[in-house]
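Below, chain A partners chain B and then partners chain C, in two separate complexes.
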Partner chain A sequence: MTQDEMTALIARIRTHNADLYPLFSLEFGDAVVGVAPEELSSTACDLREAGFDRLTMVTAVDRGETFELVYRLHSRSLTASIFVKTVVRRDDPHIASVYDVWPAANWQEREVFDLFGIVFDGHPDLRRILMPYDYEGHPLRRDFEHPNIIRRPDYI
Partner chain B sequence: MSLDIESRSSTLSDDGMPVEELVVNVGPSHPSTHGVGRVVVHLDGDVVVKADPVIGYLHRGIEKMSENRTYLQIVPLTDRLDYVGSMYANWAYCRAVERLARMRVPERAEYLRVIVCELQRIASHMMGIGASAADTGAFTAFVYAFDLRERVVELFEALCGARLTYNYVRPGGLSSDAPDGWEESVVDFVHALPRKLDELDSLFFGNAIARGRMKGIGVLSAQDAIAWGATGPTARASGVNWDLRKHDPYSVYPRMDFDVVVGERGDAYDRNRCRLLECYESARIVEQAVAQMHGGPVHAEGVPRLIQPAPGDAYDQIESARGTLGVYLVSDGSPRPYRMHVRSAAFANLALLPMLAKGHTLSDLVVVLGSLDPVFGEIDR
Partner chain C sequence: MALVDRIGEGLERLGGGVILTSVDALVDWSRGQSLWAFPMGTACCAMELIAASFSKFDFDRLGTFPRPDPRHTDVMILAGTITEKMKPAVRRLYDQMPEPKWVVAMGNCTVSGGIFYYDTYSVVRGADQFLPVDVYISGCPPRPEALQDGVLQLRELVRMRSLAPGKRYERELALPRPEDASYSNEDPNPPSAGLEGGDAS
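Moving on, here comes the complex of A and B:
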């Protein structure tokens, strides 16, 4: 897939959402498209139809007031990959699950739910996966505190 | 046997016969779970109705620990991800750091990385095949596979002093150059390898009992493999012709002449046999890499001990023995990563187990699990 084709694809995907969410930049490498959280499902369907048949990675980044969700898609037919990023509010972390589009999201969304506490609406089996079922708290949040986490000194 | 009967529930079938569903715990401490993993199995007689993998017994929070360490201090942590293939995690992480901090790697370092990772593929596949052989009763093949793995581990010990956790690939290059005579011993090893693999092939894949236990068990369709994000030999055995080394080449792989091994049926037999055939290709790659490699530095000039990349994020991936191993790094400009995420191939492949094991017997579940080659260090992180 050439650069121009990718730019055209991103432009087509972005017509769905308002200008609320600027194109996030990934410093080097693959193309990135930022979408509004309520547009994620439709964007996912569009990209699936455009040929992105594999969901490689789902993860999140704690950005303070918001959580940034990062999806990496790949297409063998287009030989291209693309990152989809969206944000959810920390005080109401809900986002639509993409399990119906790519079943690969099953465990990966469970992991993000487990470690960040982001709820994926429409997920068939949203349980903790790495931490014990009765665990309290979400360890990968930046404000997570635990007696065993001691900030290491700044030596090199 | 650590197969504990957890509960019994009794219902009546359509014709009024009592049907008991047994819930059986396989693991977390059981030789056939390939590590500390647990599978909660619902059985109807001997047939699996539902298999639910319970993971996390080896969760050390490596992603969380990384937020509190400098970029260089994280390299030893990545050794502990996939402890059967530490070189892969080293390399995937270092590629992400190099992308983030715009480092260039000397050519000799790239060649040595390819050599160690292809040797690692042989060692890791031998572990996978050996464990599957033990599961299917072909114990002789297990010993042969582990003997081959031992040869690779000895080469790594001569290279960097460690047998399991190498800490060899560093951001910007390698920890050290290969010692004198190491390249010759590598060439000797890969020259002798095909004949030994032939032996293993006839011992394991020619064994009627092992074949009978693996053929037609846990069939994965190409469609499901793609939809569920399976990668590596697990996907290729189902006919998905996808190998990052060939189709999204990185490092010096474009200069290598090798074939991608693709299976047809996608059953446990094909998955394990794909692994074996990949070892022949790895031996070819190692031979070419040693022949093409020239002298020179193995570490980039001017890499600071305290790497402080500009704010931003980067993702890079390599083809590990289990599939696509990716590392996603977010920097906020400080000497520690703001976020480090490992996209684990074994994690994605293990998610297939409930689908593959359904309808098979409990003893076949063990074969299916072995054919996915899970390494719980990488799954639980």
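Moving on, here comes the complex of A and C:
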């Protein structure tokens, strides 16, 4: 897929969803499209119909007041990759699950829930996956503290 | 004869009061000649463990052979980082091994936590927090020769076991028991029906 085709595809999705979160760029050849959190589900359906049949990765970034969610999609028919980014507020970390669109989101969203505490509404089985089930807190948040952690001293 | 000398040494160390027969020494000697290893490979040290087992380094010539079943083995070789999530499973596998049994901690992660000692939220700092470790092998990862040297030293420990004071049992008493809270890894909310086995895609 050439860059022009990718730009045209993104433009088509952007017109379909009228009021998008204003973030779109081409980084390292991969398109990055930002969507508003309430439009994630419809954008996911559109991208799936456009040929992005594989969800490679779901992760999150702690930006302080907000969490940035990153979905990486791949299309085997178009041989193209695309990043979809959205944001959720830290004090109300809820986002719609994309499990219905890509079943691969099952464990990926469980991991993000485990490490960041973001709740995926509509996920069929939202439990911890990496940490023990009785663990308290979400370790990849920047304000995470746990009595078991030994901080590295300055002289090392 | 060396065997008889060792019995004498052991009796001296005990300070008398205990009578041991030479059958114990014979049994310990034969146990040390054939240590079946349970390869508890949890991370990258398992690669060196595998390399040590097969043709180039040939663990079998030392009488040690890997067997992926705790009920058939008597040495647990801990190769790799142990996380908090993995700890109950390792402990359960250790409990399934028949007595007598020994533990070799291979690599820095199982000795002390290694490079994961600081600033980590998920790694157990050393296998001796929940298992009675007999031999520590440092390295990140250790060479196969180092592992084989560690097993040779364990063999010496095994041969002296009946004659040595039972400090291993004292250490075991200080370790977490199955009734402790940290022992279990049961899920309080098991998955709903149809999702057993996880990722469908």
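In the analysis below, the second predicted complex is superposed on the first by the 136 of 156 C-alpha atoms of A that agree within 3 Å, B and C clash if a C-alpha of one lies under 4 Å from a C-alpha of the other, contacts with A are read in each partner's own complex, and residues count from 1 in each chain.
In the analysis below, a residue touches a chain if its C-beta (ideal position, glycine included) is under 8 Å from a C-beta of that chain, and two chains touch if they have at least 3 such contacts.
All values derive from a computational prediction rather than experimental measurement.
With both structures placed on the common chain, the touch criterion links A:R151 to chain B and to chain C. With both complexes placed on chain A, chain A has more residues touched by B than by the other of chain B and chain C. By the touch criterion defined above, A:E65 reaches neither chain B nor chain C. Contact with neither chain B nor chain C is seen for A:D92 once the two complexes are overlaid on the shared chain. Contacts of A:W107 after superposition: both chain B and chain C are touched. Using the contact criterion defined above for the overlaid structures, shared-chain residue A:P124 touches chain C, although it does not reach chain B. Of the two partner chains, neither chain B nor chain C is touched by A:E136.
Across the superposed pair, chain B and chain C both touch chain A at residues 55, 102-104, 106-107, 130-132, 139, 144, 149, 151-152, 156. Those residues of chain B that touch chain A in the complex are listed here as 55-56, 59, 61, 63-64, 67-70, 72, 99-100, 102, 226-229, 242, 247-248, 305-306, 310, 312-317, 324, 326, 328, 330, 335, 338-339, 341, 343, 347-348, 350-351, 380-381.
Looking at the complex, you find that chain A touches chain B at residues 25-30, 53-57, 59, 61-62, 70, 72, 76, 79, 83, 102-104, 106-108, 111, 115, 128-132, 139-140, 142, 144, 149, 151-152, 154, 156. Of all residues in chain A, those touching chain C in their complex are 55, 102-104, 106-107, 124-125, 127, 130-135, 139, 144, 146, 148-153, 156.
Residue ranges of chain C in contact with chain A, taken from their complex: 84-85, 117-122, 125, 185-189, 191-192, 195, 198-201.
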